[in-house]
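Listed after this line are the structures, all set down as C-alpha cells.
Both complexes shown next keep chain A, but they swap its partner, so chain B is in the first and chain C is in the second.
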Partner chain A sequence: MEFDLSLLLNGIVSGLLLGGLYAVAASGLAVSFGMLDIVNIAHPALMVAAAFLVVAVGGAIGLDPLLCAVLLSPVFYLIGVGIYTFYNRFFERRGDEALQGLAFFFGVMFIIEVGLVMAFGPEQRFLDPSYAFTTWRIGEIDLPLRMLIPALFGLLAIGLLYLFLHRSFIGLAIAAVAQDAEALRLLAIDPVKIKRLAFGVSAMLACIAGGALIVVQPVEPSSGQIFIGRVFAICIMGGMASLSGAIAAAFLFGVVENVTATFFGPSWAPAVAFGWLLLVLAFRPQGLFGRAA
Partner chain B sequence: MSATTLTDLRGADRIRHLPFWLGAVGVALAVFLALRLIGNEYGYYAGYFVLQYVVLASAWNILGGYAGYVNFGAAGFLAAGAYTAIVVRKAFGFDLIPGIFCAAVVTGLLGLGTGYLTLRLRGVYFSIATLCLAVVLQTLVVNWDYVGGSRGAYVIRPMTIPPFASYGEYIFLVMLVLAVITVGIARTVEVSRLGRGLQAIRDNERAAEAVGVPTLRLKLMATALCGALMGVAGAPLPYYSGYLNPDAAFSLAFAVNAIAMPLIGGAGTWAGPVIGAVLLASLQQAATVTISSALNLWIVGWILVIFVTIAPRGILGWFGKR
Partner chain C sequence: MTGLLRRDLGRLAAAAAAVPATARAQSGPPLRIGYSMSLSGGLAANGRSSLLAHKIWAEDVNAKGGILGRQVDLVYYDDQSNPGQVPALYTKLLDVDKVEMVTSPYATVMIAPSMPVVMQRQMTYVSLFGSGTNETFKYDRYFSINVGGDDIKGTYASGFMEVIGMLPTPARSISILAVDNEFAQKAAESMRHFARQKGLRIVYDRSYPPTTVDFTPTLRAIQATKPDVVFFASYPSDSIGILRAMSELRFSAPLVGGGMIGPQIAAVQAQLGPILNNLVSWDVYSPEPTMDFPGIKEFQQKYRARAAAEQVDLLGNYLQPFAYAQMQVVEQALKRVGKVDQAALAADMHAHTFDTVVGPLKFSALGEWVEPRNLFVQFQGITDGDLEKYKRPGTKVILAPAKYKSGTLRTPFGQGG
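Moving on to the complex of A and B:
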C-alpha cells in the first residue's frame, strides 16, 4: 500500500478515540487486578453482558445507550459485590486463589458468555444512537461522533474514579488495602468490606465500558475474549495499579492497533494485542512507566 | 525391580511401573473388545470423544495440577495440533501417525516459547498469555488460506483401513493408544523428580527455589510436555471428523473441559483427570443427544464453578488421598 499521510493521521486520531474506550475498559481492571490483586478474567465478559443489557433495555424504551449504562451500573455494582463476597468466602480465605480461584473466574466468564448465547442468540447486536452517523471534520481529519462521544464519556468516568480514589476517605482506603491490608485492621477498618466495595466499583466500570462499547461497535457474546488480551496488556503496561498509567497505555495501544488495522487489514488487529502483551511480559513486566520491582 | 533406581530418593515410595502398564493395557483391551463386540459405529465415535478428553485433561494436569500453573489455552494448543496435521498432510503427504508426531513437536515448541516468555513471572501472567494465545492462533488460522481460512479444510477419509473393520474403529484405536501413553507419561511425571519438583513449586515456589529446585527449567519442561500432549490430542481431530474449521478447532468446549475435568476428578493426581474426563465427557455425549449444545456447555461451566467451590480437591479429595 502506498504511504498516505492523511490515512496515517486518521489512523492515529481514531486510534486515540478507541483508546478512550480501552481506557475505561482497563480502568476497572486496574482496580480489581491492579489494586486488589484479584485476577478477574471475567471483567471483559461483564462488559459484554452490560452491552447486551443496554441493547435490551435501551432498545426497548428508546433510551440513549450511554445514559442507559449509567442507570444500569448500580446493578453491576451489586453483581460485583456478590461475586467478590463469594470469591472471598470460598477462595481467598482458603488460600486457593491461584488454581481454584482462577478456575472460578474462568467459569464465571464462561457462564456469562454461554448464557448470553442462550438468552440473545449468537448473532451480533448493535444500537444506533441519534449521533451515530454524524462526523465532524477538522481539515483532513475525521472525528466520527460514534467514537468521540464514547471516548469522552469514558474519560469522564475515569475522571470521577480518579477523584473518588484520591479525594474520598473510602477511595484512600482502597489504595491502602492494595498496599497493606493488615495495617487497615489497625485503623479499625475491615479490609474485606473495602475490597468488596472496590470490586463493586470495578464491575460498575465494566458496565460503563459496555455502554461505550455498544456505541462504538456491534457486540456478540464472544466479543469479551478479544478484550481479555487488550485490557490485561494495557493494565500491565500501565503499571497495574496506576490509573494515569493505564490511560496512557490505552491511548498508545489504541493507536498501535488502529494503525496496524489501517495498513494491514482489521483481521490482524487481535495479533497486536497478543504480541504486545507478550513483549511487555517478557521485557517490561513492571509496566512502561513503572520502576523495576 | 524397576524401583531400584529410585531408592536413592529418600522418602519416595517404591514405585512399581509394571503393574500399572499391565493394568492400563488390560483396561484398554477390555474397552476395545467390548466396543468390538457391540460393533456399533456410534460406540467408536463416542469412545473417541471421551478419550480425546482423557488426553487433553491429563496434559493440562501436568502443568496445572502438579505445578499449579493454569493453562487457559487448551483449545489453542489442540487446534495447533490439528492444523499441524492438516499442513503436513497437504505439504508432505504425511498420514495420521507421522502427523501426530509433527503436531507434538510443533505444539511442544509453542508451549516452550510461551513459557519461556512468561514463566519467570507470577503464574497469572502465564495464564493470561495462554488465554490470548488461543485468540491469536485463531486469527492466524482464519487469515491463512493454505489451510482453508475460515472456510475450513477437508480430509477425505477412506472407507476402511485394511486390518480394521471400519475407519471408526481405526481412529478410535489410535486415540486409545494415545490415551494409554498419555496417562502413563502423566503418572511417570508424577512419581519422577520432575513431578516432585513441580509439586514443590506449587506448594511454595520461593522455598523450592531456595532449596535448589531448578524451578524455571522444570516449569519449561512441563509446559513443553503439556503443550505437546495437547497437540497430540488434537492431531487426529481432522481425520476423525473429516472436516475442520477454525470455529470447531478453537471451540470453547476444549478450553473449559481441559480445566473442568482435572479439577473435578482431582487435580495433581494422574487418576483425577481420567476420572473427570470419563465422567464429564460421557455426560456431555449423553446430553448432546438430548439438549442443545449451548446448554450443554453452560452446564459444564456451572459444574466447574460448583466443584471448585465445594470440592476444591475434586472427587479424589473426598476419599482423603492427601
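Moving on to the complex of A and C:
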C-alpha cells in the first residue's frame, strides 16, 4: 500500500475512536485486575451480558442504548458485589485466589455465555440508535457517529471514575486497598468491604462498556472472547493500577491496530499491537504509567 | 411348564402373524440417530436452527409410521462449538448410546474431528455444510449436504465470474479480502483462480483475523485501490462490520459481494436493511420460482411457526432446509435398503438420486454433489429491515448459475445504487 496522508490521518482517527471503546472496556478491568489484583477473566462476558440486557430493555421501551446502560449500571453493581462476595468467601479468604480464583472466573464466564444462549438464544442481537447510520466528514477525515459517540460516552464515564477514585473518600480507600489492604485495617476500614464496593464499580463499568459495544457492533453470547486478550493487554501495558495508563494504552492499541491494518493489511494488526505490548514491557516492565516496584 | 410355554409361544406367534406388518414393526425399538450439534458457542445460531429442522423431520417421519416401521429417536449432544469435544461425543454416541446411525454436526470445523471416529466404526455418514472435508479423508461412506461439489477452487467463484460478465462496462480490476479460516480461504483461492484466468488485475489481496473489530481502515485501503469488483469471504459478525463500514465510507463500486456468510441470516437482514441493496452474495437458497422444490414451502411453514419460540433464525432460508434434506437422505436410503446395514446404505447413497426439499441430489465418489450449486444472489429493492419481503420472490434475486437465474444485475453497489 502506497503512503497517503489521508489514509494515515483516517487510520489514526479511526484508531482513536476504536481506542475509546477499548478504554471503556479496559477501565473496569483496571479496577478489578489492576487495583484489586483479581484476574477477572469474566469481565468481557459481563460487558456482553450488559449489551444483551440493553438490547432487551432498550428495545422494549425504545431507549437509547447508552442511556439504557447508565440506567442498568446499578443492577450490574449488585451483580459485581455478589460475584466478589462469593469469590471472597470461597477463594480469597482461604488464600486460593491464584489458580482456583482464575478457574472460578473462567466458570463465571462460561455460565454467563451459556445463560445468555438460554435466555436470548444464540443469534446476534443489535440495537441501532438513529445516529448509528450518520457519518460526519471534516475535510478528508470521516467520523462515523457509530464509533464517535460510544467513544465520547466511554471517556465521560472514565472521567467520572477518575474523579471518584481521586476525590472521594471511598475512591481513595480503593486506591489504598490496592497498595496495602492491611494498612487500611489500622484506619478501621474493612478492606473486604472496600474491595466488594470496588468490584461492584468494575461491573458497573462493564455495563457502560456493554452499552457502548452494542452501538459499535452487534453481539452474540460469545462476543466477549474477542476482547479478553485486548483488555488484559491494555491493562498490563498501561501499568496495572493506573487508570490513565490504561486509557493511553487503549488509544495506542487502537491506533497501532488501525494504522497497521491500513498500510500492511489487517492480518498484521493484532500481531503488531501485541508486539508493542512486548516492547513496552521490555523497556518499562511496570507498564506505561505504572510505578516501579 | 415347558409344554405350556411352548404352546403359549406358538399362540403368540400366530397372533403376531395376524397383526398388520406396520403395526407389528412399530412395536420394535426406536431407530436411534445420533449426532453432536453446536447448541452454544459461536456456531450455535446455525446449530440450533438445524436442530429444529431435524426435529420437524423426525416428527414428519414418525407421523407417517417411522422408518422400517420403527419410530425415529434423535440422540444429540451440545458440542459447544468446540471441535475438541466432538471425538468424545461421537465415541459416546456409538459405544454408550449405541445409536444405529450417525449424522454430522454443522460446519467443516466440527465435522473434521468427528471423521476418524466415524471412519473407525465404518459408519455411513451424511454431513451438513462441510466444505471439502473429505478431500483429505477420502472416506467412501461420506456424503455431503452442501452445494460446493468436488472441486471448490474450480467451482466456488464461477457464478460470481458469471455475474462479473453481466456488468455493463467490462471489469478490469478486483480486490479480495478474506477471513483467516478454511472456508473463506478456499473461496478466496477460487476467486483468485478465476480472476487470473479471465485477466482481472488483483489490486488488493489480504486476509484478516476473525477477531477484527473495526473494518474501516481496511476498507479505506481497498477504496484507495479503486477496484471495479470487490470480493469478500467473511463470517457473519465480520460481514456486518464490513457492510456498515462501507456504508459509513460511502464506498461504491460496480460490483461488491462474494462469499459473505451473514447476509443469508434473518437477523443480519433485519439489521442491515437497505445497506444490503445491490450486494451480490453467495447463497444456497432463495424463495424464487426457480427453486420451488417439492416440500420446501411446507417445511418452511412448519419451521417459521416455531422459530420465534425456539429463538432461532426466523426465516429458515439458509441451511435449515438443508438440515431437513440431510435427514431425508438418511430416510430414503434406509427405506430402499430395508435394514440398517452401513455398507449397503453407502452403496445406495452412491447409486441413487435423492428427492429432497432442496431439490434432487446425486453424490460423487467423494461424497460431494455431482452438480455444484453455488448461488450468487443480489439483494434488490430493500427499503427497511422488515423480514416479510424475504419470504417472497424478488428480494434475493438469483443471478447465477443460469439454471436458477431469476432476475437481472443492478449496479453499482453503494451510493444509493
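What we mean here is this: the second predicted complex is superposed on the first by the 258 of 293 C-alpha atoms of A that agree within 3 Å, B and C clash if a C-alpha of one lies under 4 Å from a C-alpha of the other, contacts with A are read in each partner's own complex, and residues count from 1 in each chain.
By our rule, a contact is a pair of C-beta atoms (placed from the backbone, for glycine too) under 8 Å apart; a residue touches a chain by one contact, two chains touch by 3 or more.
Here the structure is a predicted model, which is why all the values come from computation and not from measurement.
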- [ ] Answer with first, second, both or neither: which of chain B and chain C does A:232 touch in the superposed model?
- [x] first
Open item on the list: I'd like to know which partner A:117 touches here: chain B for first, chain C for second, both or neither.
Closed with: both
Open item on the list: With both complexes overlaid on chain A, does A:257 touch chain B (first), chain C (second), both or neither?
Closed with: second
Open item on the list: According to the stated criteria, A:144 is in contact with first (chain B), second (chain C), both, or neither; which is it?
Closed with: second
Task: Touched partner set for A:106, first chain B, second chain C, both or neither - done: first
Open item on the list: Quick check on the superposed pair: does A:133 touch chain B, chain C, both, or neither? Answer first, second, both or neither.
Closed with: second
TODO: Name the contact category of A:270: first (chain B only), second (chain C only), both, or neither.
DONE: both
Open item on the list: I'd like to know which partner A:223 touches here: chain B for first, chain C for second, both or neither.
Closed with: second
TODO: Pick one for A:159: touches chain B only (first), chain C only (second), both, or neither.
DONE: neither
Task: Shared contact residues on chain A - chain B and chain C - done: 113-114, 117, 222, 226, 229, 267, 270
Task: Residues of chain B that touch chain A when the two form their complex - done: 64, 68, 70, 72, 114, 117-118, 121, 123-125, 127-129, 131-133, 135-136, 139-140, 142-143, 202, 252, 256, 259-260, 263, 267, 292, 294-295, 297-298, 300-302, 304-305, 308-309, 312
- [ ] Give every residue of chain C touching chain A within the complex, in rising order.
- [x] 39-42, 44-45, 47-48, 81, 180, 206-209, 211-218, 220-221, 224, 236-237, 240-241, 244-245, 247-250, 265, 267-268, 271, 310-313
- [ ] Spell out the part of chain A that touches chain B in their complex, as residue ranges.
- [x] 39, 41, 86, 90-91, 94, 96, 98-100, 102-104, 106-108, 110-111, 113-115, 117-118, 222, 225-226, 228-229, 232-233, 236, 267-268, 270-271, 273-275, 277-278, 281-282, 285
Open item on the list: For the complex, give me every residue of chain A touching chain C.
Closed with: 1, 4, 7, 10-11, 14-15, 17-18, 21, 113-114, 117, 120-126, 128, 133, 135, 142, 144, 146-147, 216-218, 220-223, 226, 229, 254, 257-259, 261-263, 265-267, 269-270
